[in-house]
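What follows are several structures.
In the two complexes that follow, chain A is the common piece, with chain B as its partner first and chain C second.
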Partner chain A sequence: MAYVATRGGERAIEQSERLFREEMGAFDQARVDEVKRSLPYLIDRVMGEASLYDEDLAALALAQTGGELYEAVLLLRAWRTTQPRLTVAAPVEQDGLFTHRRISAAFKDIPGGQVLGPTLDYAHRILATEVLEGGTYAPEPVEPAAHSAPAHQPAVSAWQAENDLIDLPEDDETKGNDIPDLTREPLLFPSKRAHTLQSLARAETGGVLALGYAAQRGYGQAHPTVNELRLAEAEIAVTHPDGRSFSAGRVKVSQAEVVDKKGDKLRLGYAATFGWNEVKCIAAATLDLNAPGAEKGSATEEEFFLYHTEGVESSGFCIHFKLPHYVTFQSSLDAMRDAKAKKAAKEPQMEPSSSEAVGHEKSEPAE
Partner chain B sequence: MDETLSTLARADGARLKAFAETLIPALGDVEVVQSRSGLVMLPMRDTAQGVAFHLGEVLMSEAHIRRSDSQGYGMRRGHDLEASMAMALVDLAMAEGVEQAACEAFCAQEAQALADADTDVLRRVEATRVNMETF
Partner chain C sequence: MSLSDLTKPWEAMSYGFLDGSAKRELRRKVLKSVSVPGCQMPYASREVPMARGWGTGGLQVSLTLVRPDMRVKVIDQGADDSVNAASIRRFIARVAGTPTTMDTLEADLIQSRHRIPEEVLREDQILVLQVPNPEPLRPVQPNMSIARQMHADADYGRMWLQLYEQIVRSGRVMQGASYPSLVHGRHVMTPSPIPRWDVPKLHMSKHLTILSAGREKRIFAVPPYTRVEPLVFSDVPYRVEDHGDLICTRSGAKGFFMNEIPQDDGSSSFEVSDSEWGVKTIRARDGEGESRGATWYRDGQFTDTRPGLEPGPLPPHDQEVPGQARDV
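For the complex of A and B:
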């Protein structure tokens, strides 16, 4: 199979792009601000998959692409390659997270308790159709508690390790630019754990969910239970030129630990991402839990799920099929005609109909 | 963590710029070493195996300035070079002892505003605490 460069169609190409953009119309800062204000969870999803945290840029990408998520993520991934890297922050530690939601399905009485935070898990799914009839959807305000929830909570896994329910290795002390980085190194297999988790953090939500769901339904070796799910804000800890460490701001993060019991200890799967996207984290942690010992080519094999959930590459590959493959099809047609001619030569009594002959002429693609 | 720098990095942008403006006459000439925006890589610790991995990059603004032997530094989220420069000016003023009392008062006021906002969030979070019973 081979590809050739083709010429022609410049005007049509230009007009097709114009048509796409014209249908969305002009937009300005007000549109970007409205997208940012009204679609925070979509912004989070785009920032996570783009691996770039900035709500303004994510809202701009969504406004510019009309919500075509793959294009929005691609725009942001492309933009980030044009920017200098200022520094590498200190690793975010679990007990330093400013926590908004922390639950465990595996253990009812986790130290620090369970706070549901913002969620629709227990809500009735009723469409607010009154809005389409001129009404306003005004949610009931929260009734704040008299005292504050603890800002910081330790990891559930740390408590389990203290109770000999789980074996946790010592923290890896790799820091700064020495942390393996997918944006500067290729993904090779067996994958470094830092690459695996970085790749899952950037993974396309739907793809991760599909493969994680397959594992959850029984196509993997381990059934997950949520050990800890957390939505939080993480500090960006950087260093002043005089050596003082400080937080340069916060970003929203989500993370999930899932657990499986094999033998006399618990075994963990883990995933985290920018923004609040717990479905992606649970599905990704399920894949991480199932990866050890997975059969080659199965949905839970690391190489399979890391390659196939890389949204920019997989959507780009899918989209490329729309681009012309004239030479490929020309050679295929030639082979088909040759085979047909040979068959006809062996069966001289079978005359092709006139309509078939016309069909051949019309189906031939242009080069 | 340095609380003053952490406060300035999250302080209200408009108030920070307005306050930093008042310091410029007293500071006089300063050397701008750096004023730019770019990306900061943010690693996170995996709680299952203890490995640090990159969550992704965050758009930040950075300013680095000098006056005599002192240096001022600002780094804040987002693309706002004026705000990061304002942070650096306050930091430099405090390093040089310029308008020290006003700087400390500004930082204290902003720290209180941030603490109040956090308390408000955490009281709302506490309202979602669930005490489960099994039966």
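For the complex of A and C:
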């Protein structure tokens, strides 16, 4: 039969996938464990963007995709789609967090104290090349402090509210299944507060950083000061059908509060996410801080940054341009040639002005 | 009561991949979009095992509608076995256990990217179009909140202005595919990125068309027997692509939407974009039996398919020599 060129694609497709998977080779639980143990911050980033807290699944996704982050996040989110929502946990209060790290750039000291916790902020970033020469990189042991920091800390913004520096948002009494859930409802604008924060929580880290950085650098109206940055573990309390509350375990969370002076009060920007993701939280809180009153179409407007930091959607759309587009391309080519012919017919005597090509018309992008 | 009373036996995956609550939402939104033709209905749009922008919107509709006895056809750019079509078809068959087909006439459910098949669809067939960008106002108003307001006000002035400016600058409307069209006299929609050639196939058609954008989380529909009128000025008529005279070098089919294949000598050859139509034409030519249905276009001319005006019989097969290249 003729028509061979359009038949037979399926085999090539299958083989191309095999090629990709061959590079990763066979893997087993041991590799998954190794990924989980050696790349905890990457696991956290992936769990945050997938809005699915499961270190084993995140490690599996990373092992299966060879660390192609967009693919790993998509794998986890697609898996999440297949899972029912069984229950909604009780709200996590800030002073109930088990704090590992908590700093403020607004005050030299804060009620509850600054807790540096694990960080590379003050480290010299020197590559441990000795490992490549057969050595072993062994970290210096941690020397415990004389007094251990309290496990729970109050919020800095609570102190500011007491001192009339800030107006905290009203408590939202919405409970359980009534809480707007971004994975079950579309994001619409003006967006619900819950949707804004959920969307920022699962936003792509690099995208949030790019737009947050733009706002910090002067393309935003508000200049952030880190009021409080916290890495912690949160107890997930759920209610048994018989009414008793029990713990379903702890999850690592990070959150950032940033503030800006607005009139005689401070204004608060907030972000929180699964896992320990400091940069993302500060950038996301900066966007949240800049959003009120932002000009439509600007990068600090909620609609703009929430749509454009959605990593699964943006990466998916970006790679879809690798798909064939010959139908739409053919259609615009047809319009272009016809316009060109019309133009040529109109001015046969005139000098051909190639710079006046018709192709610059802003037509619908071929998709 | 215990937690186990509230659960069902464990299954690796729901029928058709999507869980019940996702399907319920999709069905409600499909019903709404059928009720208000051309109006975009927001929906949650779940993540499915393929990347956004690769037909996840169409896939969610297909997975919601599919039943084990439905024959499913998947098209990408007119072809059944191009990269994405093959992958989507395999996925639907895998999670829904459906028979698949490439034959437009045999299919109950057709999911397509960029093309409406050349053969006329029947009342019992459903066409699901994958839509990358459901918002026709996007080129004139990228902000979705403002665009929604404009739809509510039926404020399409800027669209008309854009078309007018194109005519002034270039002597014609430069819109390629996804030509903005007024549905049922009320909502302007972008008819997915189908070429202008395919837009008349939606007008008063017998089949239901559901257009779904997964990434942009919008569903809209063209119910059967609904007006779909491309935006045109009374003195500048709507024009489909100039493919009426082109001949497929493989099958000899003439007067259908073609793919242009650049040749080494600078010329172009053409092959019919609807790959199954090409295959059927070749089979008919080789005396393997006539399996072709009626087509929307006959010899490059659109056939009126409004109710009461059944398309006529298939014209005799064009005997022109295949392989003719048109200079470009």
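Here, the second predicted complex is superposed on the first by the 319 of 367 C-alpha atoms of A that agree within 3 Å, B and C clash if a C-alpha of one lies under 4 Å from a C-alpha of the other, contacts with A are read in each partner's own complex, and residues count from 1 in each chain.
Here is the rule we use: a contact is a pair of C-beta atoms (placed from the backbone, for glycine too) under 8 Å apart; a residue touches a chain by one contact, two chains touch by 3 or more.
Every value quoted in this text rests on a predicted model; they were computed, and no experiment measured them.
A.B. asks: With both complexes overlaid on chain A, does A:Pro186 touch chain B (first), chain C (second), both or neither?
C.D. replies: second
A.B. asks: Who does A:Asp242 touch here: chain B (first), chain C (second), both, or neither?
C.D. replies: both
A.B. asks: Examine A:Arg250 and indicate which partner it touches, taking first as chain B and second as chain C; both and neither are also allowed.
C.D. replies: Once the two structures are laid over each other on A, A:Arg250 reaches chain B alone.
A.B. asks: Applying the touch criterion given at the start, work out whether A:Ala155 contacts chain B, chain C, both or neither, answering first, second, both or neither.
C.D. replies: Once the two structures are laid over each other on A, A:Ala155 reaches chain B alone.
A.B. asks: With the two structures laid over each other on chain A, which partner does A:Leu19 touch: chain B (first), chain C (second), both, or neither?
C.D. replies: neither
A.B. asks: First (chain B), second (chain C), both or neither: which does A:Arg80 touch?
C.D. replies: Both: A:Arg80 reaches chain B and chain C.
A.B. asks: Which of the two partners, first being chain B and second being chain C, lies in contact with A:Lys175: first, second, both, or neither?
C.D. replies: A:Lys175 contacts chain B only, not chain C.
A.B. asks: Who does A:Leu120 touch here: chain B (first), chain C (second), both, or neither?
C.D. replies: In the superposed model, A:Leu120 contacts neither chain B nor chain C.
A.B. asks: Using the superposition described at the top, determine whether chain B or chain C touches more residues of chain A.
C.D. replies: Higher number of touched chain A residues: B.
A.B. asks: Please identify the positions on chain A that touch both chain B and chain C, taking each partner from its own complex.
C.D. replies: Residues 80, 83-86, 182-183, 240-242 of chain A touch both chain B and chain C.
A.B. asks: Would you tell me which residues of chain A are touching chain C in their complex?
C.D. replies: For chain A paired with chain C, touching residues are 1-3, 6-10, 13, 70, 74-75, 77-78, 80-86, 182-190, 240-242, 296-297, 303, 307, 312-313, 315-320, 323-339, 342-343, 346, 358, 361-367.
A.B. asks: So in the complex, which bits of chain B are touching chain A?
C.D. replies: Where chain B meets chain A, its residues are 1-2, 5-6, 9-10, 36-60, 62, 64, 71, 73, 75-79, 91, 118-132, 134.
A.B. asks: Can you tell me which positions in chain A touch chain B when the two form their complex?
C.D. replies: Counting only chain A, the residues touching chain B are 47-48, 50-54, 56-57, 80, 83-94, 98-101, 108, 113-118, 142-151, 155, 157-158, 168-172, 174-175, 179-183, 193-198, 201-202, 228, 234-238, 240-242, 244-251, 253, 255, 257, 268-270, 272-274, 288.
A.B. asks: Please give the residue numbers of chain C that touch chain A in the complex, ascending.
C.D. replies: 1-3, 5-6, 13-14, 17-19, 21-22, 25, 42-49, 51-54, 56, 76-79, 81-84, 86-87, 113-115, 132-133, 139, 142-146, 166, 169-178, 190, 193-197, 215, 217, 239, 241-243, 250-251, 257-260, 273, 275, 278-279, 282, 328
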